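Labels A, B, C and D are assigned to the chains in the order they are written; within every chain, residues are numbered from 1.
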Amino acid sequence: MKRLQDVEHHETEDLYYPTMCKVIGAKQITEMEKWYELEMPEGQSLGHGPGQFVEVSAFGIGEAPISISSSPSKNGKFELCIRQVGTLTNVLKNYETGDSMGIRGPFGKGFPMEKLFGKDILVVAGGIGLVPLRSLINYVLDNRKDFGRLIILYGAKTPSELLFTDELKMWKDRDDVELHVTVDQPDETWKGNTGVITTLIPSLDLKLNTTIAAITGPPVMYKFVVMSLKSKQLPDDQIYLSLERRMKCGVGKCGHCQINGVYCCQDGPVFNYVDIKPLEEAL
Amino acid sequence: MSRDLDIKVHHLTRVEGHGNIVVNMKDGVLEKAHLSIVEPPRFFEAMMKGRSFHEAAIITSRICGICSLGHQLTSLVATEDALGLEISEQTVLLRKLLIHGATLQSNILHAYFLAAPDFLNVGSVFPLIATHKDVVLRALRMKRLANDIGDIVSGRAVHPITPVPGGFSRIPEKAELLEIKRRLLEEALPDGLETIETMKALAGAIPQFERETEYISLKHPDEYALYEGDIFSSDTGALSVHNYLDVTNEFIVNHSTSKHAKYNRSSYFVGALARWNNNHAQLGEEAHAAAEAMGLKPNCFNPYMNTIAQVVEAVHCILDSVRIIDRLMEMGLKNEKPNQTPTRYGRGIGSNEVPRGILFHDYTYDNKGNIIKANCIIPTGQNLANIDDDMMKLVPEIINKTKEEITLNLEMLVRAYDPCISCSVHMLEVDFIE
Amino acid sequence: MECFSLLRSDVPALIDHLGDFGEVIAPHGKGDVSYSFEAVQDSCDVVLDYNRTLLPLKKMFLPPVEKLMGFSLKNESYEQVDVAITSRVFFGVHSYEMQSILRLDHSMLTGSAESNYFKRRQSSRFVGISFEPDEFHFSESVGIVIEEMEGFDLFLNEVDGDFQLYVLTENGQEMLNGFDKINITEPEIVEGRHFKKKIRYHYNRLPRVFQYAYHSEVWADVASRCVGCGACTLTCPTCFCFDVQDEVEVTAEDGIRQRSWDSCMLSTFAEVAGGENFREKTINRTRHRLYRKFKYITDEEGLPWCVGCGRCTAFCPAGISMPDIVNELIQEDEKAQYHRTVRV
Amino acid sequence: MKPQVAFFDFTSCEGCQLNKLNFENDLLDILKHVDIVEFREAMDDKADHYDIAFIEGSITSPSCVERIHDIRRRSDVLVALGSCAVNGGVNAMKNLHPIDEVRETVYGEDKYLFATLPAMAVSSVVKVDYEVRGCPMTQQDFLKLLIALVLGKQPPKYGSPVCVECKLKENECLYNRGMVCLGPITRGGCDAVCPSFGQFCTGCRGILDNPNIDGMLEVMTSHGISLDEAKKRMLLYNSNEVQL
């Protein structure tokens, strides 16, 4: 048990003060999602790893956890992509280049990159789940020779909800990326796959001993993706999932994000499947 | 001059609730002049059926937000009468303090925000913020203090919390009351004197109109009656509140969702002017000086002067509140629990003077303490017949004025009564046909 | 460990004396039948015999509502809040309460150590007092006896109406300097102070019970009675969940960000935008509450995270009892074990 | 341009309107953000279009229905103020009795003189965008909504019971004093004002989503009131919301 006398004053932190970061780029990329590029003040670096998140705030409105969408390779600058679903996110919709956002973080455990080096990476992203996984994808692409195959499965409800379409095209065109996109409800223009994301899994040809899966998506998605991967005999400890919970502090204090005994914000949001398999509240 | 006149003021503004003024004159003969109450009926008496004595005052205070305290206290008095609940002197004093606060706030609101715009020829108090900022700020300050009395003693000024059957659910702190006293003396009193000056200046605009009528209010042996007493009629004298039905004689007219009342004549007057006429002798020097300054004399028959009587009462409330607080301090505040153990079950009647006049609540309880029968008679209802009678006399007297002036005079007349018609709606439509 | 005798009638003098070491905070009567920790105005108002305060002492370190920063909307800037370090002496604290503060230390200082909490905590001293357990206390069952003195600087043990004053730390020693109404004495053991409420197992065995209790029938029964008011968690000394809100002034120019205690028993606690609720049913929430007390942290730290103060039980309008739930789980576990053995 | 706001009252005590007139300290600040274009209780003016229409009171007659439709057509945002407007409030108690009996109690044989409908929430007639609960609504709550609308954010929703605020204020729970209180299932946001002043919560802010009604009745009856009494208490403000 941690005791008062074990702690020195300088080890304590003002945990709740944000750093004001300038928006240096902003673009509404779908009807519901807006992309932002931000810059840390005075050339500081955010120093994040793929899969980590920040707490974004606007004074008078509130704070919300948002994944860092860019690869750590970009120094001093980072990107977010925010879906407009509630109080804060709807106000952030109006933020443009030149405005400032309050940023705390980075928080949480991202993908354990040391375990991913040299492996085949299977990214499974549902909807907005592509946002945190994009930091991983771009990191892999920036350090392409350190990894094996990069397989990206991406599903959205409709073609108009697909995020980062420019990048999707780029990935599609690269021969070192295997991209499979599907939509639940196609429109007239849609020529690709149709159906939920799990329909993409059975035909995959995976090298079981070297493949690491990284999954993010809406709550309902995880169970089915994990089931499909398991039916392909992918070992449990090679599956990573990034989970979403309500969060207020990001630093393991407010209690909202608990999944049974673990804190999504500190022990996650990226979890190894083995660690959360026994947790009834996880999936 | 024989003239056709058809006035319809649809949803009179700056009154509490919804009423229309309807005047109809054909060939110089006045056929109709009345205030028609169009507020949807709320059926309070019916809602009260079967409710426990703990809830009666909570429900009845919702009859009217502006007189919620009056309803609440009157309801409590009726309940206590019905159930034989004795209350302490401290409870009575705190209740009187509350009535003063409520009367002060209501009278000030009416004088400054609802009546004054008429005298200054503007549609509302909002333009006055630009032209008479100090006056508006003074009014807000007085209202704030009056409301703070309510907030501190009763939990909140609108729909009070602490007054419960048998006493108070929370007794205010000594320091809170002393702070109120300080503000009464240091803020409210000077503001009250300024108010007299302001009203004196406006009093010139008060129409000269008189109609002698019957004035009914409470009368108390020891003080200017606001909390309890006997019913007093300027025509026939005193009688017990238990005989209130002999006075009110409610009847239904088809132009009003609110019932009308009459006693010795076709109508009677309740409210500040009736209290002034019946009880002015019990007011202190300062109040009399205020009355004199504003031209209010005893036995005043000009209904427009009701607003002035309200300002006189405001002065009384400020000073009497100080006396009450002194008395409470002298006695020492006790953390009393409300007495809620009934000693009998049956019928009880409560009556208090609320800002707009005498109010009656009448409950009958079964032996579980649930209401079998309830009756509430509100001041505005009692005044309606009197307003109609005033209009019938007023319209012929001012028939040579322009249509706008007549309408304004009628609206001002109705507003002078400070009517509180529980109802709803918005627009002002004046149809004039000559 | 030194021990002094102190007359009950001299306790106010001691409280006055302690005022030299900071603001003294002690139990006072509140309402009809309740108590609360308040700053002492008159040492004679301090209550020495009380069952429990409405809110735990936690409120002094992690305030129910706390300003985190002030901000200006116009300038997109904020102002830090200075948590002034004022020395405080907490007087008349029960052993379970002290233990709850030690647990709270762990919660607020592990991982990221929170500076506000640390500052308030560092500048405080504690004077304990013994108590007569009522029908709700069960701290003995979670390993905390009445005379547990860990964490205190001084401890008052009632003996025949008067007190024995134990000096436990250097700070405690210092606090008695110049106070002459005490006499050195031999410590005595007080007999006959018993806990009326007990958990049937030693707390060491509880994590095992909870290991198998996840799908117990007990939860549904409790959930059917629970009205979801949150009283249990809001009054619990070891709960620390909070919510954060921004409040803006009428001018719409300035405002504050503040946090306030929250409760995992509230239906909205784990709800997110879009309507997903990760603990939607009362049964999920009740279970989570008890697992927080007896399993999750306990597995890591080896101690129950409930200190047996009985608040959650005494203040639950539905009369839901923490030790009763645990005892029911134990009983169920025993039955299950019996069936397992019989079958073999 | 500042938003044009208007206030309308339907069947109610007008206590909520009065509470607005009681903003002595904040009135001038409020007027910096909005233009009040219609407010029958305080002014003569009227307008054709409103950015925000605030509605007080229940819908209780055919003419109310007509009028609220008219207001809705002319308003961008419509806010229900106070429990009468939000869920029918005390007015809805009359819905518990047969309507003819209700009319007869008040008007005797003239009972058919005035049209009446069951007391309805505004939202059961037209779309309501936001609500400010309470009887009366509190000034603070109203200001929060107004500021939120000015800042373009969602007004607070209040998903926690009154007990939360009551506990944060360290009130002695009325149940511990032998009284019965509706705080556990009543939507908070009032700062637990009634219990703080020693009086039981009457449920004026409405019942929380997914309440445990049976549990609550059990709590109330186990604290000394009859089931019948407990039900009546629960329905005081919530006759339209709770089916017993």
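Methods note: a residue touches a chain if its C-beta (ideal position, glycine included) is under 8 Å from a C-beta of that chain, and two chains touch if they have at least 3 such contacts.
This is a predicted model, so every value here is computed, not measured.
Count how many hops through touching chains it takes, at the least, to reach subunit C starting from subunit B.
Minimum number of steps from subunit B to subunit C: 2.
Of the chains shown, whose Cα centre falls closest to the middle of all protein Cα atoms?
D
When C-D is set beside B-D, which has more C-beta pairs in contact?
B-D
Quick one: point me to the chain whose Cα centre is farthest from that of subunit D.
Result for max centroid distance from subunit D is chain A.
Measuring from the mean C-alpha position of subunit A to the mean C-alpha position of subunit C, what distance in angstrom results?
For subunit A versus subunit C, the centre distance works out to 38 Å.
For subunit B and subunit D, let me know how many angstrom lie between their CA-based centres, rounded off.
That gives a centre separation of 25 Å.
With chain centres defined as C-alpha means, what is the inter-centre distance between subunit A and subunit B in Å?
65
For subunit C, jot down the residues that touch at least 2 other chains.
73, 245, 248, 252, 271
Could you pull out the residues of subunit B that touch at least 2 other chains?
Correct list: empty.
Would you pick out the residues of subunit A that each touch at least 2 other chains?
Expected reply: 60-61, 86.
Quick one: label the inter-chain contact graph as line, ring, star, complete or other.
Graph shape here is other: it fits none of the named patterns.
Considering every pair of chains, which are in touch?
Applying the touch rule to all chain pairs gives A-C, A-D, B-D, C-D.
Quick check: in the complex, which residue numbers of subunit D touch subunit A?
Listed in rising order, the residues are 151-154.
Show which residues of subunit A lie in contact with subunit D when the two form their complex.
Residues 60-61, 86-88, 90-91, 94.
Can you tell me which positions in subunit B touch subunit D when the two form their complex?
11, 13-18, 39-47, 49-52, 54-55, 58-59, 62-66, 68, 109, 113-114, 117, 123-126, 129, 140-141, 143-144, 147, 154-159, 161-162, 164, 168-170, 252, 254, 257, 422-428
Can you list the residues on subunit A that touch subunit C in the complex?
Residues in contact with subunit C: 1-4, 6-7, 9, 11-18, 20, 57, 59-63, 85-86, 89, 99-100, 102, 219, 244-246, 248-249, 251-256, 258-261, 266, 280-281.
If you look only at subunit C, which of its residues touch subunit A in the complex?
68-69, 71-73, 76-78, 80, 102-103, 105-116, 118-119, 121-122, 214, 240-246, 248, 252, 255, 257, 259, 262, 264, 269-274, 276, 278-279, 284, 288, 291, 295-297, 299, 301, 303
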